[in-house]
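Look at the two complexes coming up: chain A is in both, with chain B in one and chain C in the other.
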Partner chain A sequence: PTSCGARGNLGELKDYFIGATPLQKRLESVRKQTSFVPTPPRRKIPQCSQLQEDNDPQKVAFLLHKQWTLYSLTPLYKFSYTNLKEYASLLSAFIAAEKQKGLAVEVGEDFNIKVTFSTLLGMKGTQRDPEAFLVQILSKSQLPSENREHKVLWTGWFCCIFGDSLLETVSEDFTCVPLFLANGAETNTAIVGTWFQKTFDCYFSPLAINAFNLSWMAAMWTACKMDQYMAATEFLWSVPCSPQSLDISYAIHPEDAKALWDSVHKTPGEVTQEEVDLFMDCLYSHFHRHFKIHLSATRLVRVSTSVASAHTDGKIKVSLNKSSYVIFPYCYIVFKMYGICIFHIEEAQWNANLRQ
Partner chain B sequence: MSVLRPLDKQPGLNTATILLVGTEDALLQQLADAMLKEDCASELKIHLARSLPLPSDVNRPRIDLIMFVVNLHSKYSLQNVEESLRHVDATFFLGKVGFLAMGAGQESHCSIHRNTVTKLANTYRSPLFFCDLEVRTLIAWVQGKGGQHTVGCVEKREAVGCAQARGS
Partner chain C sequence: MSPQKRVKNSQVQKRTSQVSGNYPTNLLAWEEKEDLNDSKYSLKRGQNNPVEDYGHADDQAEDALQIAVRYFEKGPVKTSQNKDKILEEHLKTVENVALKNGLAPEGIDILLNVALSGKFGSAVNTRILKCMIPTTLISEHSVVKAVSWLCVGKCSGSTKVLFYRWLVAMFDFIDHKEEINLLYGFFFASLQDDALCPYACHLLYLLTKKENGEYFIPVDSKLKILISFQGMQPHLQALLSLYKFFAPTLISVSLPTRKKIYFKNSENLWKTALLAVRQRNQGPPPEPLKLMLGPAKVRPVKRKWNSYSVIPVLNSSSCSKECGKKGMILSNYLSSHELFPLEQLKSFPQLLQNIHCLELPSQMGAVLNNSLLLHYINCVKDESILLRLYHWLSQTLQEECIWYKVNNFEHEKEFANFLATVNRAQCFLQEGFYSCETFLYKSLPLWDGFCCRSQFLQLVSWIPFNSFSEVKPLVFDHLAQLFFTSTIYFKSSVLQSLKELLQNWLLWLSVDIHMKPVMNSPLETTLGGSMNSVSELIHYVGWLSTTALRLESNSTFLLHFILDFYEKVCDIYINYNLPLVVLFPPGIFYPALLSLDSSILNQLCYIMHRYRKNLTAAKKNELVQKTKSEFNFSSKTYQEFNHYLTAMVGCLWTSKPFQKGFYIDPDVLEKTGVAEYKNSLNLVHHPALLSYAVSFLLQGKKWNWYLDYLFSEGLQGLKLFIRSSIHHSSVP
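Up next, the complex of A and B:
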């Protein structure tokens, strides 16, 4: 690309960007984002009518009560939703080959496995987002007398939720599903990851959730209206000190946490930065009053509520509430200066009764 | 207990005094040590303080530059800086104050969103540096007004001591 001098024709400059390649578009959007943009002061709790229509409750149910490890994923090159069966057999062969090599043998595991690829309808934020898809490794029963039931050994799913800023900078050949969630043995995650990296020229990296985002999650999950609370609201902080770091755990009765949130919360349907800060500051000052420790000087590493829990290492778990509200964390992609995808996890709430 | 004013004392001959304000003692010490190793046209003196106001009963030279150090991993350090800012005279902010946001290289450990410190620096019309003493070769950048940027490279254990913040 030719460099445009400062004295260049302004008209030419404009044309240069209209015909820009995806990379140039991405650089332009990143540059726009690095000029001062205030922290989103409020986050709307998104309406998920999309989910209400397309969702199969059985399919969603399997996502709950499991611990998911999060990874961020670069766009997949030449991935096609019409080839899912082919991918399943290719991956299956790859796994069998890897296991034959003796690289990842687990005691008692039989080599008869089956891989399935399927789309997960409704797991997206806007119509523009690509469809989410699910990959599962199942074990095939060897004995013919046994039930033909397949035991799920490993599950992974790929999704893109509210990925507008990403989608506009990427060319047609790429599929953006930047969030990958895995449940099951690490070895299987590694094998599946290797296959995807080789086949679609992408790259996985573990996704950490920093204390700032964990505070938002704590506030949003506490904000959820629950008929019944299954567990206390717990926080875990890590205090950096030598020789070994110290962990501080703080458990609150969930109704007290909700009462605190209600006293802080002003606008229905929206959560603001001030409200989150105030919520956390109340907890910090209460703790300080009793223990004379400034929790704000330590690092929040884990948040656990009746709705869901999250750990800074990128692990989340969502619990099913037996009553009418089913809550699920959503992901919203923000592009950073170094080209690394960092996710803000936002949470949506929908009323299952509305689907009737 | 007094407000810091930039011109209430005589300047020292060939000396420059920098005041670093922040809650993290070890961090300030590292920064100060690194800055003292740099070549400086005048004799450089560095004062460290946890917070302002400074005790008034101590005889100290005139302060030429105040750097407020915020640790992005600790909300407490930000609160401390916000409170200390109240004890600085408004005229100090005419080019004699700067902000350092430490720990910027470890996004996973951040409790404070970088736009929060950016907003703070913009409110006080002062330059802001993002840096990290742990991460090797981090590109440090300055968030200036109207999006002007100055980029420098920070090697491990060296501080961005000499501020060249204001662009045109």
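Up next, the complex of A and C:
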């Protein structure tokens, strides 16, 4: 199915590139995905890889206990890891200018905010994945005191975890970090996002997590073995009715949830779609037995476990509360999961819509 | 442009010359003449001003506005008893109209004049200034005129301040700035006024260009004095840093290391009005973009960050390119000679001259709104440009698509407009975008067949050429479901877009195949494969049409669209030089032949005529080439055509229907009870042509001329058909 259609350009491009161009590959992969069942019937439970050894525990710990708003992001054009410092000063000038009513400000001037860019080592799935990086807006204390503690006003980070299928379809001018997570005032997110969009010709869109993926997360997080459970496993369903929607919260003891999971989980090392479905069906039938309400007819909007919680609005939070060294694998799992999710989210979203 | 409008313009020009000629010495004389002119404009305006688009309901308000404007122009009436009431009434009128629709340039011109001339009290002037909101633009001359009033000192200090603030806020809506720039010195002088200084600074900041260098030295000394009086105020710092940026050597005032630069906000007073004007002007705002992401907005329904339209604003590449070099950004913007700035690109010749050094937009999506850049990306051989566009477009289509979101149909119009823009770009480039294709695949299954119908169906017609069997499950199967369950209008529009799709595929193939006979691709792109794909598409549409005709009981309306499709089909061999002739299925041919509508019959005749031309041309080529190529049409195609042809000739000409080609058992025909069925379908008795026959008879002409009469009635298809297929073979 070559695309003579996009000929003018692609036809010529074919002369330049031997074999299929990233563009063609992308198109072909989309066609394939569309014609076949897009959702992977099974996913591997990620094991701690050797990559985690590269990580900076301090920084990773910093990512815990914060609520992150998810965005998906198109590849960054001409982004370079060697220019992080420059990006920091440009972005801080941009923020200053935005806040000062759009006046031109000189780069390198002294503002009362500071922007930092830094890499987040180890936050990736494979060696091929580009390095994750962190952007922070810090407030500068007005007093030039010796104890210059910067207060973090806003944090955002970009990552790519197991992005193989995406990486194949972009050329080297692009950096593929399809997941962006932000914590802080939304106006700051908007400013930083705008700057990225203008500077690297990328596009942010809010990433909603549909019920389908929420069930997956619930199952996978339940599957995590914990020494000590901090919170109940809780599900929140929303019943669309007017004038106000009705929410149904369903909390179970985490050990019960784990026991249920263990009873449905058969294949070691991976989680299958059937298992996830079965897990949720058990919960539904249990609820129905007691309350005569078919939860399957409502909409799952939030799941929270001792590991993490996720909301359909695209907000997630890692709740693990242990020394970062010990919990890192878990944390890694959590984010890795999102990394996996993101590639399927697009297809899964409309696939799930189809079923509704 | 209407003649009246032209007159108006020439008057405006006359006014301009007066302004520059008499300003500022002969102000009063000029003002009097001006009054006369203005009242004329104000009366005329509204009728033939294309910028304005008021509804009928606004007409009354319009009249009231004109009366009010005239009232203000004349000045306060001193004798009238209830003058305050009248004044208040007129003020209200002006305010209402201004806040709702804005004021036309002429209205602003007059009222600005009133506000600054001091005819009324300060309170009135303030209210007038506060509602000086343009419908679209403000004429530069009005501003120049208004500034001239400042010189005669008729207005109070507070009015002056308000005027400056207004000027800053409305700066972007002033149509030109050249003459205002000539007043640079005047504005500079007003720095000395303490109250005006902050706003004058801001105005100068907006006005200053590198060419204003002559001021930089006096600036230096004046600012020194000012700073010594006022201290280093933030607004002074801001202006100074700009001067210093343009001419670092000329400015000796040193700026403190901790710089505080900002201006007092001038826009507050007109904030909502400004937004409205920007939206009216359609285009995205040229200056400081406000963040649109408020806390009130629920997340998944996120509106655009920092933008009023879906498509990004055209901006030159910002730092991505400059990064890595030293001394980036602003200085590069101003000093770069090697790159041709996008903002200056206005014409095609310019594009040609600078094509080697054109600066690319920072957000490639912006090209959708710019035909010159579309030309550019059409010929540029840089895949990353396309990738940038495609990445953005894919994501935007997905995010904006309204039927992805449950019950969120608020933005339908916006999305329809966006799709229309994308379609325009595809049409302009004669090329389907990959992003649209994938979007189609994903969104078609969810489409209700109603939302943004025409735009969405147009996307279908731009699906790049593909193997039909592969696209069928992705597009056509879904489309068929909607097709069969929807109204006849939907069916017709689907057929229309399939016709366009066929046409696009044929065009691509005819260009592509003759340029590159063999494509080095693992995928099937041989000519045979391609032709197969096209013929499958045609057969598919044939199947759709046959079924649709049955569903819609042979509707004439639908038949028109079907035959339109076949008008493309029958001419593939000759028009596109592609070895393909596919005939229509009987389910289309016979309903058309027996149609009650003469135009259908005529169209059918035309198509048969073209089929004949194509088939004979193909035959001729086969004989010339002699070698058997894989594209020789099978004898079946010829047989099929001959079959149709005999049926037609039997019906229309020889009055021997249902015998050859279109065979019906005579017993069956007996049962119908039609006495002279043999004649009933010939040119005289055919139900589609009966009315012609009758009116021909009424004219009392001889039968010999009947054919000529039919031809003269515009049945060109029939004429061509009879000339080519009948005259030679069988003379009656």
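Descriptive notes on the structure:
The definition used in the following text is that the second predicted complex is superposed on the first by the 282 of 356 C-alpha atoms of A that agree within 3 Å, B and C clash if a C-alpha of one lies under 4 Å from a C-alpha of the other, contacts with A are read in each partner's own complex, and residues count from 1 in each chain.
In the analysis below, contacts are C-beta pairs under 8 Å (C-beta built on N, C-alpha and C of every residue); 3 or more make two chains touch, one makes a residue touch a chain.
Note that the structure is a prediction, hence the values are computed from the model and not measured.
In the superposed pair of complexes, A:75 makes contact with chain C only, with no contact to chain B.
Touch criterion met: A:199 reaches chain C, while chain B stays clear of it. Once the two complexes are laid over each other on the shared chain, residue contacts for A:294 go to chain B alone; chain C is not touched.
Of the two partner chains, chain C is the only one that A:174 touches; chain B does not reach it.
In the superposed pair of complexes, A:230 makes contact with neither chain B nor chain C.
When the two structures are aligned on the shared chain, A:208 is found in touch with chain B and with chain C.
In the superposed model, A:239 lies in contact with neither chain B nor chain C. Counting residues of chain A touched by each partner, chain B versus chain C, the larger count belongs to C. When the two complexes are superposed on chain A, the residues of chain A that touch both chain B and chain C are 34-35, 208. Across the complex, chain B meets chain A through its residues 23, 73-77, 79, 107-113, 115-116, 118-119, 122, 143, 147, 149. Chain A makes touch with chain B in their complex at residues 34-39, 208-212, 215, 280, 294, 296-300, 312, 336, 342.
If you check the complex, the residues on chain C that touch chain A are 205, 238, 241-242, 245, 257-259, 261-263, 265, 287-289, 291-293, 295, 299-300, 302, 305-306, 312, 315, 318-321, 323-324, 328-330, 362-365, 377-378, 381, 383-384, 386-388, 390-392, 394-396, 398-399, 404, 429-434, 437-438, 441-443, 445-446, 463-467, 470-471, 473-474, 504-505, 508-509, 511-512, 516, 519-521, 523, 525, 530.
On the chain A side of its complex with chain C, the touching residues are 1-9, 11-14, 16-17, 21-23, 26-27, 30-31, 34-35, 69, 72, 74-75, 77-80, 82-83, 86-87, 90, 93, 98, 100-107, 109-110, 170-171, 173-174, 186-187, 189-191, 193-194, 197-206, 208, 313-314, 346-347, 349-350, 353-354.
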